[in-house]
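Here is the structure we will look at, set down as C-alpha cells.
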C-alpha cells in the first residue's frame, strides 16, 4: 500500500458489495480492530464475542451483518459475511514490498534458465540450470531455486527459501522464508547396523494456490512424488515427509509432522502440533485437534483427538503414576465385579 | 577472544568481585568444566552434583562458594554466586567472530536505508528500503532485512536470518540464524471450502534484550502487532503465531508452539515442546513442564503439566487400550459402589 | 544422472551382485515402484505387502528374493536383499546437481580460508577466516561457514545452511538446507529475574558419515562440545541442544527435540516427534516410538512409548476428564476392595 492512499466509503462499499449506511464521502486509510480503530480506519464485527466493542468504537466505518447494524449509529457497511469482506480489504492495506520485474544485478541466474520478463528475481537469488519462472512470479532476496524446477505464474518465493531441483510449483503458490522444498526424504537402508543413504529420486509437486509457511519442510519423494494439491494451506514449521499426498483445500497448522507415504484427504483441518505416522490414510473432511497423535488410518469424516489435559504439576505427578497402573486397576475392577457377582448369586444383595 | 590473550587470577577476581585465595599471578587462558580443566583453565562449582569432582580437578582456579572453598587446596575465587560469575567470564573466552563496522562490498543495501557508521553489514546481506540500523548493530552474512524495519543498538542478526518489512527490534536483540521474524500469520477466510488469504498487515515488535534462537519463527500480526517484551529469551524452533504477546523476562525452550492471539505473562518458563492453543491467557510466573498441552487459560502462578510417562512399548500398548476404556471403567466403578452400598444398607457389611 | 544414460540388465546385475533371469541386453533408464514402472524402469519387491503388485507390473526388470522370483515371468534380478540393491541403484538415477569444483565468482571467501582445489564453493556462499574445506567437499549456494570451522572430505553443505564458527565436520557429512549447526545453546543465568546470556564457548563436532536434515538445529556446547558420532542420521526439524552426545549409527526421525547434556547411545532409533529432557542417558539399541515424552534415563535396550491413542473428539473429551479423576478413582477402588474384604471376612462371600 502507498501510505498516502485512501478510499471513500462509497468506493469500499462497491469493492466488497456492501450496503452503505452513512457518509459515502468519508475517507479510509487503514484497517483496525474495533478497539484500536480511529476515524481514518475501517473495522469489522465478525465474531459475536466482540459485539460489546461495537458501541464504543471510534472507527470511521464498520463492516457488519444486518442484525448487528441495527441500532449502530456510525458509518456501516452492511453485508452477509463481514469476515470475508475484511479479508478482501486487508489486501488494500498490505505493505509487503513488491520487487520490480526483472533480474537484480546481484542475482546469479543460469544462462539456461527461462525467466519470464514480468517475473522479479531479487538480490542475491540463485537460479539453477533449466529452471522455469513464469509470468508475474517473484523470487525474493537470497532464495535458491535449483536445476529444472518450475515456478508457476504469480507465485512468490520469499527471502532465503530453498527449492531443490526438479520440483514443480503451480500458479499463485506462496512459499515463505526459510521453507525448504524438495530436500531429501529420510530414506536409508540398514546394512548390518550401518545406514546406507538411498538417493531420493522423486520430486515435490505443488499444485495451484498453495501457501506454505516459514521454515516448513517438504521432502521430495523417494521414487514417486510428494504431492500437495490445489488450495492447501500449510503454516510454519510443518514437516511433510517423502511421498506424502495432501488433498485439495486441506489446512495444516504449525508444527505438525506428517510421516512418509501418508495420504491426507481433501478439506481436512489439522490443528497445531499434530503428528501422523507413516503409511496411513486420512479421509476427506477430517478435523484433528492440536497435538493429537495419529497412529492409524482415519476412515470417516469427523473430529479426532488425543492427549491429556493439563493439571498442576503436583496433581499431574499423581495422575501420571495412576496411568501406568491402569491395566492393573482394570484387572482389580474386574475381580471386584466377580466378587460382587458371587455375593449377589449367594442371594445376599437382594 | 584472541587465543593469545590471558588474564591473571587477580584480574579475574577483580572482574567478578571474588575473594582470591591462592596465586594472584597465575594466568588463565580458558574456561572448562572441573573434569575437563587444566592449569590454564578456570572452572566453577555451582551445582552440588559436581562437588565430588572438585578435589580431583586440575583447573588453574575454581570459582566457588565459601562453604565449598573450605578444604580446597587449589587456587580459589570465592563468591556467593559462582554460576553468575561463570556467566560473566564466559564472555571473555567467546570466539564468535565480530564483523568490522561498515558495509561489506557484497551486501545489497537500499539507498534509502539509514545505517549507522558503527554498524556492520556482512557479506551478501540484503537491506531494504527505509530500513534503520542503529549504532553497533550487526547484520551477518546472507541475512535479509526488509523495508522499513528498525534494528536497535547493538542488536545482532545472525547469518541467513530474515526480518520481514515494517518490524521493530529494540536494543541488544539477538536473532539467531534461520529465524524468520515477521512472516505472514496463518490467516485465511473460508469461502465455500476455499481458503482466501488475509493480508497480514500488523507488525512484529521486539523489545530490548530479547534473544531468539535458530530457526524460530515469529509471525507478524493480522491487524495489530505480535509483541515480545523486554528480556524474553526464546530457544530454537519455537513457533510464535500472529498477535501473540509474550511478557517481559519469560523464557521459552525449544520446539514450543504458541497459537494466535495467546498472551503469556511475565517471568514465565515454558519447557521444551509445550503447545498452547490460541486466544488464551497465561498468568505471570507460570511454569509449564515439557510437552504439556495447554488448552485453556492459566490464571494463577505455579507449575503445570500434562502428558503420560513412558513405559516399555508392550506395557504401553495395554495402558493405551485401558485409557480408552476409562469412561466405561468409571461407570463400572460407580455401579460397584452402588451395589456395595445396597449390600451395606442391607446390614450385611457390619 | 544424465537422462540419456541407460544400463543393460547385465550391467545392473553385475553392479548389485544379482543372479539375472531374463534378457541381459534389456536397457534400463529409470527406477520406479512396481505399479508405476514401465519397460524402461527397474523396480523391486522388498516389502511383502506389495507382492500382489508383482504379477501386474510392467517393469523392465524386478529386483527380488529367490522365493518371490519363483513363478515370476518377467526379467528378474535375484538376490538376498532387494531393498539394499534398490538403495545402491537409486544413486544411478539421482539427478541432484553437482557443482563444478572451484570457487564461484559470486562467493565471498576469506583469504585465510584453505579450500581444496577439488572442492566446490557455490554462488553467494560465504566462507569465513581460517575455514578449512577438504577435497571433494561442496558448499552450495548461499551457505555460510564461519571462522575456523573444518569441513571434511566429500562432505556437502546444501543451499542456505549455516555452520557457525569453530565447528568440526568429518568426511562424507551431509547437511541439508536450512540446517543451523553451532548456534548458541540456550544458556542463561538468572540474575534477580533477568536472564544474563552465557557465552557458548564449546563447539559442535560431527563425525564421519553423518546426515542432517533440512532446518535441523544443532547447538554448540556451553563449555565442552556437542557431539554427533559416526554414521548418525538425523531427519528434518530436529533440535539438538548444547552438549548433547549422540552415539554412532543412531537414527533420529523428524521433529524430535533433545534437551541439553542428554546422551543417546549407539544404534538407537527415535521415531518422529520424540522429546527428551536434559541430563539423561539413553542406553544403546533403544527404540522410542513417535511423540514419546522421555523424562528420565533409559538403562536397557528395548522399545519404549508414551502418549494416548486418538478417539473421536466427543469420546476423547470424556476420557480427558476421566484421566484427571484417576487418582480419585484409584482411591475409590481401594476403598471398595476393603469393603469387599470386610464382607468376605464376615463370612458372607463363601
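Labels A, B and C are assigned to the chains in the order they are written; within every chain, residues are numbered from 1.
Keep in mind that, in the parts below, a contact is a pair of C-beta atoms (placed from the backbone, for glycine too) under 8 Å apart; a residue touches a chain by one contact, two chains touch by 3 or more.
Since we're looking at a predicted model, the values are computed, not measured.
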item: Rotational angle, Cα trace of chain A fitted to chain B, multiple of 5°; value: 120
item: Interface sides of chain A and chain C: same vs different residues, half threshold; value: different
item: Approximate Å spacing (C-alpha centroids) for the pair chain A, chain C; value: 25
item: Multi-chain contact sites of chain B, meaning residues that touch two or more partners; value: 106, 124, 142, 160, 178, 215, 237, 255, 307-309, 311, 323, 326, 329, 333, 336, 340, 343, 348
item: Parts of chain A lying in touch with chain C, wherever the complex brings them together; value: 106, 108, 124, 126, 128-129, 142, 144, 146-148, 160, 162, 164-166, 178, 180, 183-184, 186-189, 191, 193-201, 215, 217, 219, 222-224, 237, 239, 241, 255, 257, 259, 275, 277, 287-289, 292-295, 302-309, 311, 315, 318-319, 322-323, 325-326, 329, 332-333, 336, 339-340, 342-343, 346, 348
item: Of all residues in chain A, those that touch chain B in their complex; value: 31-33, 36, 83-84, 86-88, 90-91, 93-97, 104, 106, 122-124, 140-142, 158-160, 174, 176-178, 209, 211, 213-215, 231, 233, 235-237, 249, 251, 253-255, 267, 271-273, 290-291, 307-314, 316-317, 320-321, 323-324, 326-327, 329-330, 333, 336-337, 340, 343-344, 348-349
